[in-house]
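Each of the two complexes below includes subunit A, the first together with subunit B, the second together with subunit C.
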Partner chain A sequence: MQASRARLFKEYKEVQREKTADPDIQLVCDDSNIFKWTALIKGPSETPFEGGIFQLAFSVPEHYPLQPPQVRFLTKIFHPNVHFKTGEICLDILKTAWSPAWTLQSVCRAIIALMAHPEPDSPLNCDSGNLLRSGDVKGYQSMARMYTRLAAMPKKG
Partner chain B sequence: MEDYGSSDDDYRYSDQDDSDCELYENNDQNFELLSSTAQVITEESLLAAQKEDLRRVMDMLSVRQHHARTLLIYHRWDVDHLFEVYVEKGKAYMFAQAGVSVDEYHGSNSLVSASVMCEICMDDIPSDEATRVDCGHCFCNSCWTQHFIVKINEGQSKRIRCMAHKCNSICDEAIVSSLLAREHPDMAEKYERFLLESYIEDNKRVKWCPSTPHCGNAIRVEGDKLCEVECSCGDQFCFNCLSEAHSPCSCLMWELWEKKCRDESETVNWITVHTKPCPKCHKPVEKNGGCNLVSCICGQAFCWLCGGATGRDHTWSSIAGHSCGRFKEQEKTAERAKRDLYRYMHYHNRYKAHTDSFKLESKLKDTIRGRISKSEETKSSELSDYSWVHNGLSRLFRSRRVLSYSYAFAFYMFGDELFKEEMSKAEREIKQNLFEDQQQQFESNVEKLSKMLEEPFDTFEYDKVMEIRMQIIDLSTLIDGLCKKMYECIENDLLGSINLGTIHSIAPYKSKGIERASELQVCWSNKANNTGVTAEFDRSEESGCSSRKRARKDGEMFDLNLPADALDRI
Partner chain C sequence: MTTTAPPPTPPSLELKTYWCHECDMSVSLTSSHSPSPSPPLCPQCHTHFLELMDSPFSQNDADSFLHSSSSLFDVVFQDALLLLAPSPRKTHTTETILPIITVTETLLSLLDPNGVVLCAVCKDAISVDEEAKQLPCDHLYHSDCITPWLRLRSSCPLCRFRISEDENEDENDEDDEEDLNGADVMREMMARMAELSEDDFYGLRMTLNYIASRHELLHSNASGGGDHHDASSEVGGDVDGES
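Here is the complex of A and B:
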């Protein structure tokens, strides 16, 4: 318990120090609980998520960093590897390929990379995966763009 | 440290000898080549048991022991498979696949100089509180320890990877143990036990003895895994399916048979066919004659045809307030079920009869022991050797078991359940006759032997005793031959002709009874004999012949030869 707290505190300081280092990621720790974090990430450019701001919720386990944090999208997103209802993310480094050398910041980076490079062969969102697998990239992109507009962009007017 | 002074040859010879000098000294002509040999691995000898495999890998690849173990765990202790991969894919591939890093880290000795930054806790750590593993990654000791504990609790003891991202390297077991031992000795112990037991858990040649309560032993089998063994705790079992030794039944047949006997499914079948539940009290009611108006003992009258409650009045043509039909359909199913039931009963009764005889004859053991001691008092000078009684008795027990299982075998072999599609009706009939002839011959001689052994030989004159002795010896030999023939018939003529792969392969017949697994400790005693330097010397000097001799001496130490011992085991 103590080790995870210490490590999270270090990460917190690191985040404060490099606030401007990565403009795509904004990591915020819960005021009262260092095991709860949220992040705002920018949708990568040249993807249907461009222009959107997506919110992630982190739940850090007691044995962190030996065990991976649980991450999910709070913002609705149309992506093959994200559960459409719960926001759960299917990403190997959050499951079996986790290494304690990862940080919350680097997990965010991995998620941004996942948004740009979906894995349609292990879909959590089957509709989205099927569009890509059947080669309908246009269809996928327009669906994803629509949900980005609906959920991840500030309402106009 | 590694002076397990016996070479592979020694192991092999001593195994054979242990099983060779078994029960039947008289049956020399029945010497058979053993297709498999089994050894008992106890808690104490577990390390020694894997030493041999580790040694082979260490010598072949010139790697250290923990690397050899990592490789072997990855390849499920199949040394031959490991070498195959080595030859086909090369060393580098094999090491990477199993997570072995042998390229010792030759980076700058920054460790010695100052403090290092642990990437896990992000603290600066004095270099003596950090540990670098084979793959070159370095983290602080407390992070390592926590990592090990998490992984062990996750059941990953056998494959604890380095903490670095995408590093597939397995951590050095010495580092894991020593770091854990500092503050968590219980975890270190757990880890080491898991590693050691991997030899049993992940190895298809080794299985835990299925005895309950568990004796703590495991059995290792060389060669054919389809065999029957006896653990040193006395438990006899089929190595393949771990249930009781059941040849000539195949494992599948035995599983089905046991289930059938357990469920009493035929009884249930009979009840459903021959009775109907009373519509009022729901007890099963059997119709014992008369017309279809049945009345239950509870007083309720109902129609036997449809089971519905009726009034009590009836005429030749109708039952009061009721009429229904559909008679023939049920008659047919009833007949088939009845036939199946009788068939099952036939085989089960005989199966049961032989199992019961076996139990009764087990009492004979004590009686005979009494007779021998009485006999020894009165005519000690003339007759000192009673091994013929013991051997006859062992042969009887063994044969009884085979006989009872042979009926379960026949039930499936000639029934519709397994091989209906495999044989034509005529074919089946021929085979059944062939088998039943052999079984009958075998059976009648077993009964003769049983009768002979019941004779109160202690009250007889010397000549009469010698006569009985000869008869028992002859009968034993005859029965052994017949039993063997029956097995051969089953293997070649019955199962062999049905092309089903190996599902119905059976454990081969052993004249000498179920093979008793030898103690692996034999090699410990070898080790004790050859201490230090001489061990190496002995190994290189001895030819196969002389090591055989020495092994036999060891065998005698364990007294596998003594008839009394043989008697106790049954």
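Here is the complex of A and C:
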């Protein structure tokens, strides 16, 4: 517990110091609980998520960094590897391929990379995965763009 | 009857937003509540491939889900995940093989021109006279930081270098070792569950027991063992008694 706290505090200070280092990621620690974080990430350019701001919720386990953080999308996203209802993310580094050298910041970067490079063969969103697997890239992109507009962009008047 | 001044917002007309899958953009259309509604037409491309975007999603509707997920489940499944990590036994031996070294200035300057080496687990600098372990790939960690990790995985956190087992281990029959590992994992899981049973959370222990005994059954069948494992038998007993 003490080790995870110390490590998270280290990451907190790093985030404060490097606030402008990665303009695509904004990591914020819960005011009262260092084990709860949220992040705002920018949808990567040249993807259907471009222009969207996506919110992630981190729940950090007691044995962090020996165990990976649990991360979910709070913003709806149409992506093969994200559960449409719960926001759960299927990403190897959050499960079996986790390494304690990863940080919350680098996990955000990995999620941005996943947004740009979906893995339709291990889908959590079957509709999304099936569109890509059947080769309907246009259909996938259109659906994904629609939900980006619906959920990840400021409402237009 | 004619109306001279139409009301600013006629109640029969409603502005709705559609997504045009042809144009990949949202379009705003006024739809009337007339008895014969014609399908909406995209003003850009004049096709009907439109989808109504009238379901405003809350940005935070997954929030309650996240916070309601019980920490018990986190504990159990995180534990299961760790226990099912490959080859916990092998890593245990590698952990004891790697010697604890006392950090010297020479070592630090060898690894980094400025002599500043960060432990990738705690992200703190490793200082002279601290206890550390150096993996075969040369990466250096605090001993207290890397040892718990090596118990879980015999790989370097930075480069995933697989730490080779010592040579005596290699002589063992691989299959035998796999079976033993499986049994060890089962036994350890049962031990963890026994701890949990103190509060017997919502019958979760029962379920896990059942899953575990099913798993054991499959395991013994797959390895050609007898049928002496009954799915309903008390688990936590002799799990490695396979013939």
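Basically, the second predicted complex is superposed on the first by the 157 of 157 C-alpha atoms of A that agree within 3 Å, B and C clash if a C-alpha of one lies under 4 Å from a C-alpha of the other, contacts with A are read in each partner's own complex, and residues count from 1 in each chain.
Following the convention adopted for this analysis, a residue touches a chain if its C-beta (ideal position, glycine included) is under 8 Å from a C-beta of that chain, and two chains touch if they have at least 3 such contacts.
All of these numbers come straight from a predicted model, not from anything done at the bench.
When both complexes are superposed on subunit A, subunit B and subunit C clash.
Of the two partner chains, subunit C is the only one that A:141 touches; subunit B does not reach it. Look at A:28: by the touch rule set out above, it reaches neither subunit B nor subunit C. By the touch criterion defined above, A:90 lies against neither subunit B nor subunit C after alignment on the C-alpha atoms of chain A. When the two structures are aligned on the shared chain, A:66 is found in touch with subunit B and with subunit C. Residue contacts after overlaying the shared chain place A:110 against neither subunit B nor subunit C. In the superposition on chain A, A:40 makes contact with neither subunit B nor subunit C.
Of the two partner chains, subunit C is the only one touched by A:151; subunit B is not.
Counting the residues of subunit A that each partner touches, subunit B and subunit C differ, and the larger count belongs to C.
One listed stretch of subunit B collides with subunit C once both complexes sit on chain A; from 23-31, 167-175 or 221-229, that stretch is 167-175. Counting contacts by the rule stated earlier, residues 3, 6-7, 10-11, 14, 63, 65-67, 99-101 of subunit A appear in both its interface with subunit B and its interface with subunit C.
Residues of subunit B that touch subunit A in their complex: 119-123, 142-143, 146-147, 150, 163-167.
In the complex of the two chains, the subunit A residues touching subunit B come out as 3, 6-7, 10-11, 14, 63, 65-67, 93, 97, 99-102. On subunit A, the positions that touch subunit C within their shared complex are 3, 6-7, 10-11, 14, 55, 57, 59, 61, 63, 65-67, 70, 72-76, 85-87, 95-96, 99-101, 103, 139, 141-143, 145-146, 149-151, 155.
Put simply, subunit C touches subunit A in their complex at residues 19, 21, 24, 26, 51, 53, 55-57, 59-63, 65-66, 69, 74, 78, 81-82, 85, 120-124, 145, 148-149, 152, 155, 157-158, 160.
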